[in-house]
Each structure stands twice: as structure tokens, then as C-alpha cells.
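Shared between the two complexes below is chain A, which pairs with chain B and chain C, respectively.
After this line comes the complex of A and B, so read on.
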């Protein structure tokens, strides 16, 4: 899962806390909800995730718009460390349920970002019928992802008409955000699935150390970083003329999620040398097997005893931008452990999140290559999958997704 | 369908005649009793091989080999004749350190770095002096190795032969059209011979997808053929609105399976195995159990997963039994542990036997499946140390 990637900006330096203070972002950090791009993409990856996907249950465009407006207000409040509603968790009438659920009382903003996306199902239903008068504006690239080899998708963990990604350095703050937004949405939308993530698996800024996935390897070494402005323009942000029907998406991005289960117990029994050969990097420093240190470029030609020292099916080779016409993605995934399965095995893995300018060139070919020839696939099972279009940032006075409904 | 790389990769390597009492690792291992005289470093550059000492006391000696050059290097400890490999570590990339640990008796040796992996390498004499630390050298070790290799090759060939015979019989029954009960009765039995040598059989990357692919494994555009397609046609109950294959389609898929089995059998007759391949194969077969059989995913239509389960365990046990005489010399405790863990797993499997073979997967309770899974884990964990122990 480590390959190309991108990411994170401390929202163009507008964070209220100084993100340059060190690799560990201050828990008091707060990021602006508004800006040219939505926060939570190039923002330095926070430690915790709660991601929710929704089915839209209303057939009223007006109700949908009203919800997006209400979500905008609540999301902006919560990213500042305030309650979801204007009254507050304990300030209101004793006769009414509070307009904020209260578990974040006393907690700082904790770097909370809330990022919204629109799935293919928002535009057309399963029969292809226009749901909300938006069908003509469905971007070409926004389609249900194709079946990839070895996909073992659970429909109850896949797809969705809308999504919200909440990231924070405190899990309680991320859960609080999703919980309150879900509550606001009842009657208009219903939760289809949600996923908690507990450890970022990518760094999206050069100020962050490279974290490790549950295989124990550094992940996201080659990720796209917030500081790489040109790379972001080229590989992450949708451009003005990218799609005749998707002009509203300019400045936004595509969000791919994949719930990738790892067969942890079997992996743990692989000899270290084999683990390193599968990944193509050393487990300790993360250096490519062709030598150097973590950020050295892999030398795919360097001969080893039996073929190249970085094997043909090594993960780092299969997904490397060099193999895919330079395609890069901004990865922002999280480790997850959802307890144990019926056989006592960890129900765990990587909740893969990537932001790309166009999934048809930035994700699908790479995923196909990985599913087909990556040595790691032996230890992976993809159980969830979704694609969303992430509208551009919310400018002052606007609500999220306004450009789509304009 | 799995892609285990152990055999394929190993086939490409001219494996040094078992040789060695050496173990390579990636971490410095100067912790062997804190005896610095036995903890050496090697700096291998493009044109030099600097070993930190020219002698060491007999015992467990470690070499931390750092590649200071620009190309992949190797380090060897050779016997006095400069030919026999005592221990080696390969594939050390530039700026990477790998540790080599070997149990070495007193004598004269040769060290060699091989930057670029070609030629005789940069050599120097190395002396191992007498010490209190006994190093046992087993005279009959090579004999045990040869025996293990021969026995395993014979086993694999025999299973492949039986697979071919039963596949021939199976496809005839299936093609007949009016003998589906007989075909169903033979299905799991025939596949047993595949599953016993699964790590070998599936190592042929061109054949495995054609013979053993499950529907969910397919790539877009890939045509489904092989055992599991026929399985679905014979047990369509779970498939809902399934359209049975025509007689002509049956013949096509049946002939294709048989032809691939013949190709496989021909290739298998050529194979030889090293002891680490045998030991790795044993571990690999238990992984097949853990990922496909105990979960009931392998035989989705027929629910005959326990036949495959037993066959994987059979093959793993044969591999283990083959290297056991070696293991008993090197790590008798591990040998005892593995023996009893195999027994415990077998006991659970035996409890599921019926007149026709085994109970079907959907007849097992959650508790029974959990107990089997627990026993697989209990065996797999120590089994993952088998190869290193046998090679030590």
C-alpha cells in the first residue's frame, strides 16, 4: 500500500497552531474549515479517523441542499472546537435533548478536519435515473470502481451517496464530529457504513515522520507531500477543464477508499527476509533493497542473486509511479483494528484513502497492477471500496458542494 | 489460487549445497553471549573486503556485513579448500547491513566478499581457534539431507501421478453427463492429491490460474477454467439462478483441466527439492489451511473443505517428517513440539471423519471451526521456525 501519494497541507499555512513546531502536531491545532480546497486532504495527516458513508434517503433536492447547509455550519463550528449547535451541550432547555452530544466538552479542536464527498449514487440511482437533477453534472470519472482481482467486497462496507471524513488527533473529537453530523442528517440521509482508524499510515507533509502500517513497515515514504505545490496541481486537484460535465469539481479531488484486511497471523510467520522481499524495502530504516536510506530512490535495475534485488513482484516496484507513467496519489490512510473475527484473528488492516485528480489514470491502473502482481496480495483481502468526488473548498458565505447545485 | 514464491524463487537459485550451518539475518547479532571476539564486522566495498579480525574462537561467530560499495554484494565463509560454503549471505544492497551467524569449529577458512556477485570474490584466510565452546559436527548430516530430498521428490511425484490418474477418471465421469453423482463422489478425493502438494503445484504461475482459480480471483477479462468452475457446475445449489453447462462446454472444460494436469505432471517429474524448500513447503501448506480451508472459502460450492484441509496437513506432515531427522539433531525441542501439535490437529480432524470422508463445511459448528483454527495457529507458529532450525 505504499506507493505514490500526496498530500497534505497545513492548509496553506493558515493553521492557527504552528505546524512547523515538530513532527507531532500540537493537539490544540485548529485548521480553517474554509479555503480554496477542503481541509483534510493536504492537512498534515492527523492521528485518528472516523469516516462515514451515507445513503441519501430523501428524494427532495431542497432537503438535500438544506442538509449540506446545516452540515457546513456544524462542521465549521466543530473544527473551531465549538459544539455542533448554537446552544451547546449543557446550555439549553432541560426539556430538550441538547444540540451537541457533549463528549467533546473541554476538548480542544485537536486538529479536526471535516471533508465532504459525493458518490456516484447521488447523481443517478441503480437504474440510471436522475435523482436530484444532477445527472448532467456527474463527472465521467465518478463511477463505481470496477471489480479488481481478489476483491472480496462487503456491500455493507462499500459505496455510498455521500461521505464525511473526520480526522483529528483525538479519537473522541473525530467520533464526536461524525456522531453529530449523522444526527443532523437523520431523515435526509442514513449511515451506510463507517470506519474508525487509529494510526495514520501516511505522512502528508515533509514535517512528519513516516509512520508504519500493521505489517510493521514504513508506509507512504513516496507519498505526495503538501509542500509539493506543482505535484498537487498535477496529480491531486481537479483542473478547470478536466471534465466537461464536472466544472463544479475544479479545485476538488477524487477520494478513493479501500478497506484492506491483512491476514495478520499468517504475515507474522513470514521470515524477515521474505517480508522485506515482498515489500522491496528493509523493515528497519525503510531503505529500498537497492540500498541507501529511506528516501533513496529505488534502483529497479540493480541485479541481485536471482533477478533484480528488488523483485519483480515487490510492492515498491509494482506500485511505483515509474511503472505507471508517473501517476501519483496523495495517500491518507489509517490502520484499523475492528476487534477480532470469529476465528480469533485480528480483523485489522489498512483503511486506504487516496486523493487523486482522476481515478481512471491515478488509481485504477495502479490497483489493477497491484491486484495482479504484487507479492503482498497474498496477505491482503479488500473488503470495502468506494469512490467519491470531493468538491472544492468552501469559500466565505458558501456551503459545501454549492458549486454542484448552482 | 495463491502465489507462493518459495519454490519459484528457489528454482532460480543455484542453491549452495545445503552447506551451511549459517543463518542470515538483518539485525546485528553481536548479542551471542557478549563475546566480542566472535562478533565481527565486514566492510564490503567495490574493491575491498575488510574483515575486522583474521581469527575468532570456535563457536557461534557473527559477521555484520555492511556494503560500502555501489553494487549488490555477498559474503561467504568458505572451507579451507575455498570451495565448500560454510555460510553465506546474499543480496546486500549498497549501504545496507546484513548479519551472518554461523556455528564454526576450529580450523582454517576463507572469507570472501563478492561485490557485483561475480567472480571468486575478494578473499582472505580466516582462522578459527580452539575454544571451550564445543561445535558438534554431524558426519551423517549430508546423508540425512540427501535422504530428505529424495524422499520428498518421490512423494511429490507420486501424488502428481495419482492426481493425473484420478483427474482422468473424474473428467470422464463429468463428461458423461449421467454420472454426476459419481463425479461428485470423486471430486474431493482427486483434489486431495493436488492439495497435498499444493505449494509445488501452484508454483507454476501459468498453470495455477487455469486449474485452481476461484471465481472471485479472476481479473477482468480472464476466462474462468479449472476445478472450481466444474465444482460450481456440479454443486449449483448456492449459485441461485445458475445456468448449467452444456455437454459441449463440459467437454471443453474437462479436456482443458486434464491437459493442464498432464503438463503439470510432466513438469513435476523434473523437480528436485532442497531441505529449505521442503521445510518452507510445510509451512506454506499450513498457510493454505489458514487462509482458505479453515475459513470455508476454497470449496465454496461443494463444501468439501475438510478434504483439502486434511490433504494440506498430510503434505505438511510429510515435509516435516522428511526433515525431522535433521531437526532432531539441531533443535530436538522444536521437533517434539511440532510432533505433538501435528497430533493435536490431526485428532480434531479425525473427529470430523465420516464414511465418505469428512463432514461438509456447512455442517460444522462455529465452535468446531474455531477449535480447528486454534489448532492450526498453534501448529503454524512453531512451524514458522522450522526452516531456520533445519538450516542452522
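After this line comes the complex of A and C, so read on.
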């Protein structure tokens, strides 16, 4: 079912989007909110992101459920290009606040997807309290990520009980979606942190070009793609029997976010050859330093002047599936610039997003290896981190996360 | 000359852009960097912004001039869709840092404009020092803006010795431009603050639709437009005889930036009728409450239930040119969202940009009136503020700001 679902979701996307379309032509696309998996995972990565993490401020399970139901209705409406509420931004009584905030009036759906996730705190809060009677259903893999070497986390940019990822080809549409969901959640949730991403750094479909990160390199060349149904089954979607407590999560996924500041001013002063050696690929075409073109497999044995031509600490080698028992993740990150830092540089980097079937095998070992021996780490500082369980898709008549509360 | 120049600059823009094009079709546009006025003022407002303000960290006039010359070369190249330097991001020696950072490889010019400005600190620093021998040429109107009621300025988001406004239809192109100009300035300038804007809130051409701000209202309906040559002469471009010390600024303008946080969560709880009363326009069409359509003139005399139908404190009335001796400004602001605030809401609002011939008559009185009696002020908090003198356009063979140093 899940495999057919993935293919079906993709076909639906392509049916409304122009096949092979770049960001311009895809602007009018609308993706189905409902389906076997949530949209916004294998959906061809849209250009812009607004991501928000929330603290739940109520102890009432009923209020939480009511919010998830209201969010489902609003999210489905907005992904169709409608207002957040039935009445609309300007059509209602002058005596009432509108049920849509209005800044997206006249804008098309713009490929909007809205993806919901549940953090560890929903199951057990920082004081260990089981506020919502969900502790018994907390998947074993849903734990606060361990502290990695070189993590420099800001708690105000990390963690969260709930999350919403809004992706669209128009940032005003993504911002409008998050803003209206925040509005609907008033009194039940509060924004813990939020992040805008201005440019996608991953392709999630073979129909897309590989974009560039702020190191100037192509990123996500070897990403898991929507077209690879088997790989998605194996590495992205949670299976029925994966977790005794997490059966409700089958067909869902785990969402890792990492706010990775890049010291771009220092990077920019490195020789081109060093930059390429750190990454293990050429900056122009993105081909591995062992030769070929962008999508050629790296040859880790090929000798160079001293040692292998792809160095032992080259990024492409350290994180390669070959080093990690074949582990793969579906990456969906975005470039960000959030003003400037105290040193006269830009507060900029990569808001890393990855979807994996199990973070214990699909993310944590790779991150440990990277933190320990990746040459790029000298130019990175991780300032935010979070893990969420992303429930399966919302079927007709359901609300998001319903399987958890059933 | 200036009038012909304004019309000429616009014609050049329209010649490469598709006439009447929306943001999608205009993506491939390239605007001339050189001309009688700097581009990025009357240029049809692009969709995305990256703005940076700098402190000059040298006391050497020579180093400052060298930087302006280098910035001119790089800016002209990038607005053509080329790399920042002659060699390119990947074409040079492996032993040297590239002269372009590479994240815009393959991207078109995307309508990029780069506009430079000089702050009061360039003429006399905070200690009153004339570091660069320019004090005698400081225009009288170029002073730190006065403190306005309700200003809540963060010095780390305000002021600056220099500024660069980069506008483009692709945010990666705008960010790339600022990032490379920052790189070139290393050792001479340091970023004091920078601001991303994700969506334009003004039209600067009759060919553009009026966009919406985060209050959900159309903004900038009555803006000065590129097509209004006479109005530009009167209200935007500095004239030859405007200022005895500022003759070098003729053909330039003054650039006001104000980072205006909106308390959108509170706004969203106001009844539609109240929102419209505060603005003085309908939320849907943008027509004045006195009737007609978006571009109808407001009738400030028309009676309502109690008092005039456009209230005494309605935004449209308080800032209307009629109240200020006909004063008009060319607005060019952008919506922003910078993460979240401590109250569980979004740190969001309007990055206000206006170009005026003289801030003493074209901005300060209007801002004072607004701060004193505009109903919208209850939902606004100004967290950043700056004023810059924008030198005239760069003619062939010249570098930006050359007239100041001549």
C-alpha cells in the first residue's frame, strides 16, 4: 500500500504540476493534502520554506485533538489555494475577526504543502509528565537527539512538541499558511521557534535540477528521490512492524531538523582546491573528484597525489551510504540568512531537513561520523536541532495524527 | 536630464522585461547598472530583498575609494548575471580562493538591482571625527533620524555608514550579491545589520499589481510610480540646488529604512470592520471607505455614522499628501518574518523602504503625524531605522559615489 501510495502521491503532484517544470512553471501547482503519506516529503521540493515548532500550552487532550482537527481542515483548504476558514478574509461580518488573515488573497496554491510532526514532548514533557495519555505510544526512536560533537544548540531554536513544515513556491503563501495555523492554535500552542528558508538545497524528484547551498556547491545529488519507490519503503517510510509502541506511525516518517550555521566568510577565503577536497566533489559540475559527471558514483579507492583522490575526511566519503550499512535519508533542506552576526558577517547557512525511517540507524550514526571526521565541520556550527515523528497521511474523513489518538 | 533619465531607465527595464509581466515572466530580466539614476529605485519592484548596512572599519579614504571602485565593478557584473569577479567561481586556480562564491552558478540575472547609499557616519563618526575628509560635503538633510514616538530601536538593527539594497526576483541571486559585496569589503567594512524581505509590498510601476502586507491589506496603492516623471523630479530626485553642501547628490535621493514589527497576532483578533477603519480602506479591493475602487481618491469629508466615514485617525488620512503639503514618497518595502518572538508569536512585519528628495519635508513630518495619531500605531513597533544619501547613477567610466569624492 505504501509503495503504491508514494507513487500515487507523486503522480497526483505531476498531474497538476507541469511535468519537468522548473520553479516558474510549477507555481500554479496544487498538491493533494490527503493521501497515504503526508505531502511535503516526496513532493518535488518547492522553492521556499516556513517551518514552525510549537510548545503545547494546554494539558487537555481534548483541546489538543480539537486543534489537530481544526488544523486539518485549514491545511486542506489552504493547499487548495483557498482561505484558511470557510468564511474568508473579507466576506464575513464586520463585527468579527476574519477567519483568514488576507495576505494571500489572489495568490494561487503555489504548490503549498503542509506537513505535521509530533515531538517527544507530546508524549512526555520535560518534567516527565504524560499530559495527554500518550506516553505508552511514544515510539522508541522518538527521543531528543543526542548531543553531537560541535553542537552549539540554542534551546530557543531547538526541540518542540509539534511542528509544521510549510513549503511553497511563493514565500508569501508559505508564511500565510504558518501564520494562520499559529492563529488557529492561539491558546493551545505557542510558537517555540520558526525558520524561513529562501532557497531549496535538495531535489526530491528526478525532474528537478540539483540546487546549490551557500558553500556554492551542488547539494543533495545522491538524495533519495520520489521515483525510487523501493528506496522510500526501505529508508523513509516507517513500516507496520518497526516499533511495538509506534504502530500508529506506520506509513509516516521521522523528521530531523538541524539549523547549521556556515562560517561563509571563512569558507570564502579557502582556495578552490581545498573547498573541493573538503566536499570531495568539483564545485562546477558536482562530479566526484574521482571523475565522471554529477551523478557518477564516487570511486573511493582511486589514488591521488597522497592517499586517495577523495580524501579520508571528504564530506562525500564520510556520509556515503557505503560507510553506514547502506543508510540513506531523504533530504529537504533550505538555505537561510537571518540577519548578521556579531562579527560583521552574515548569520547564514543550511536549515537541514531529512526524513528517515528510523533516526537511530538513518541519521544518528551518519551525524556522529560527520561530527567526528568530516572536513566540512570546521566551517559549520549547529545552532538548532529537533526530531519529530511525522504521522502517516490523512485519509478521507480523518484528521492529522488520528491514528495516535485512536 | 534627470527626467529623461528616469524615463530612459524605465524604458530599458521594460525592454528586457516582458511588458506588464508579473513576477514569473520578469525572472529573466536584466536591468542596466549604469544610468543617470541608480537602478533599484524606480525599477519595477522585484519580489525579493536582501539589504545590508555596514560600518566602515578603516580610517583610510584611499581604502574606502578602492572599495567603492571594486563594488562598482562587481555590482555591474552581477546585475548582468555574471559572477562577481573576472575569473569566476570555478574557472580559476585551485590554489586561490575563487572571486565568486558560486551559489548563483546557472541562475539568470533575475532582475537584480544593486543600490548603494551613504549614511551620516561616513561624514562624521559617532565621536565627531571626519575620518575621510568628507564632513564639509555632508548634506544638511543627512542626519540620524529623530526619535519618533513609539520608536523602540535596536541599535544593532539601525544606522550604518554605508548601505546596499539588492533586489531580485530570485532570493538566491539577491543573497549572492550581498554576500559577494560583503566578501569584497572584508577588512574595510563589516556588516552592521542585514535584512531579508521575502515579498514586496509596493508597486513602483503602473504595470504591477498592488501586493499585500502582513495586515492582509493592499499596500502602496497611492505610491509614486516610475511613469510619473514630474512627480519623481519633485519628490524623489535631489535637485542641483537643493543643498549647498550636497551638490554631489543631485540626481540621487534619500533612502529611509524602518524595520516595523507588526503585532500580527493581536491584529488578527480585531474585527474586520475595525481593521478597515484603522486603515481607511476596504480589505478586499483596497478602495477607500468613501467608495469607488482601489485607485479612487479618498473623500475625507464624506460623513459616516459618527464623524467622517474615513476616521480622523485612519492611516490613509493621516499620511495622505493632502495633510502634508503634497509630500509624496516612493515606497519600496518588503514583508519579513525573522523567526519568532518570546511571546510565542512571529517576529514579522514590514521592512519599510522609502526614497524621498528631502527627508525633512518628505518623511519626518509624515512619520511624526503617523506616530502621533495613526490608529495603526497600536499594532506597530519600530525596531530599526536608518537614513542614507543615495548618490546619483553611475555613468560610463565612473564608480559609485564618485561625485562625493571628486
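Just so we're on the same page, the second predicted complex is superposed on the first by the 384 of 406 C-alpha atoms of A that agree within 3 Å, B and C clash if a C-alpha of one lies under 4 Å from a C-alpha of the other, contacts with A are read in each partner's own complex, and residues count from 1 in each chain.
The rule we apply is simple: a residue touches a chain if its C-beta (ideal position, glycine included) is under 8 Å from a C-beta of that chain, and two chains touch if they have at least 3 such contacts.
Note that the structure is predicted; figures quoted are calculated from it, not measured.
Participant: Considering only the touch criterion stated at the top, classify A:344 as touching first (chain B), second (chain C), both, or neither.
Facilitator: It touches chain B and chain C both.
Participant: Counting only touches as set out at the top, which of chain B and chain C does A:263 meet: first, second, both, neither?
Facilitator: first
Participant: When the two structures are overlaid on chain A, which partner does A:70 contact: first (chain B), second (chain C), both, or neither?
Facilitator: neither
Participant: Please indicate which partner A:291 is in contact with in the superposed arrangement: first for chain B, second for chain C, both, or neither.
Facilitator: Only chain B; A:291 stays clear of chain C.
Participant: Given the superposition on chain A, which partner contacts more residues in chain A: chain B or chain C?
Facilitator: Between chain B and chain C, the winner on chain A residue contacts is C.
Participant: Answer with first, second, both or neither: which of chain B and chain C does A:272 touch in the superposed model?
Facilitator: both
Participant: On chain A, what residues does chain B touch that chain C touches as well?
Facilitator: The overlap between the chain B and chain C interfaces on chain A comprises residues 265, 269-273, 276, 282-284, 343-345.
Participant: Which positions of chain C touch chain A when the two form their complex?
Facilitator: By the definition above, chain C touches chain A via 24, 27, 48, 50, 52, 55, 57, 89-90, 92-98, 101-106, 157, 170-172, 175, 178-179, 182-183, 186, 189-196, 198-199, 209, 211-217, 264-265, 268-273, 275-276, 282-284, 335, 337-340, 343-346, 348.
Participant: Help me check something: in the complex, which residues belonging to chain A touch chain B?
Facilitator: Touching chain B from chain A are residues 146-147, 149-152, 263, 265-266, 269-274, 276-277, 282-284, 287-293, 296, 302-307, 309, 311, 313, 342-345, 368, 371-372, 375, 377-378.
Participant: Report the residues of chain B in contact with chain A in the complex, numbered from low to high.
Facilitator: Those residues of chain B that touch chain A are 2-5, 9, 12-13, 24-27, 67, 71-72, 74, 90-91, 93-96, 117, 216-220, 222, 283, 287, 290-291, 294-295, 366, 369-370, 373-374, 377, 380-381, 383-384, 387-388.
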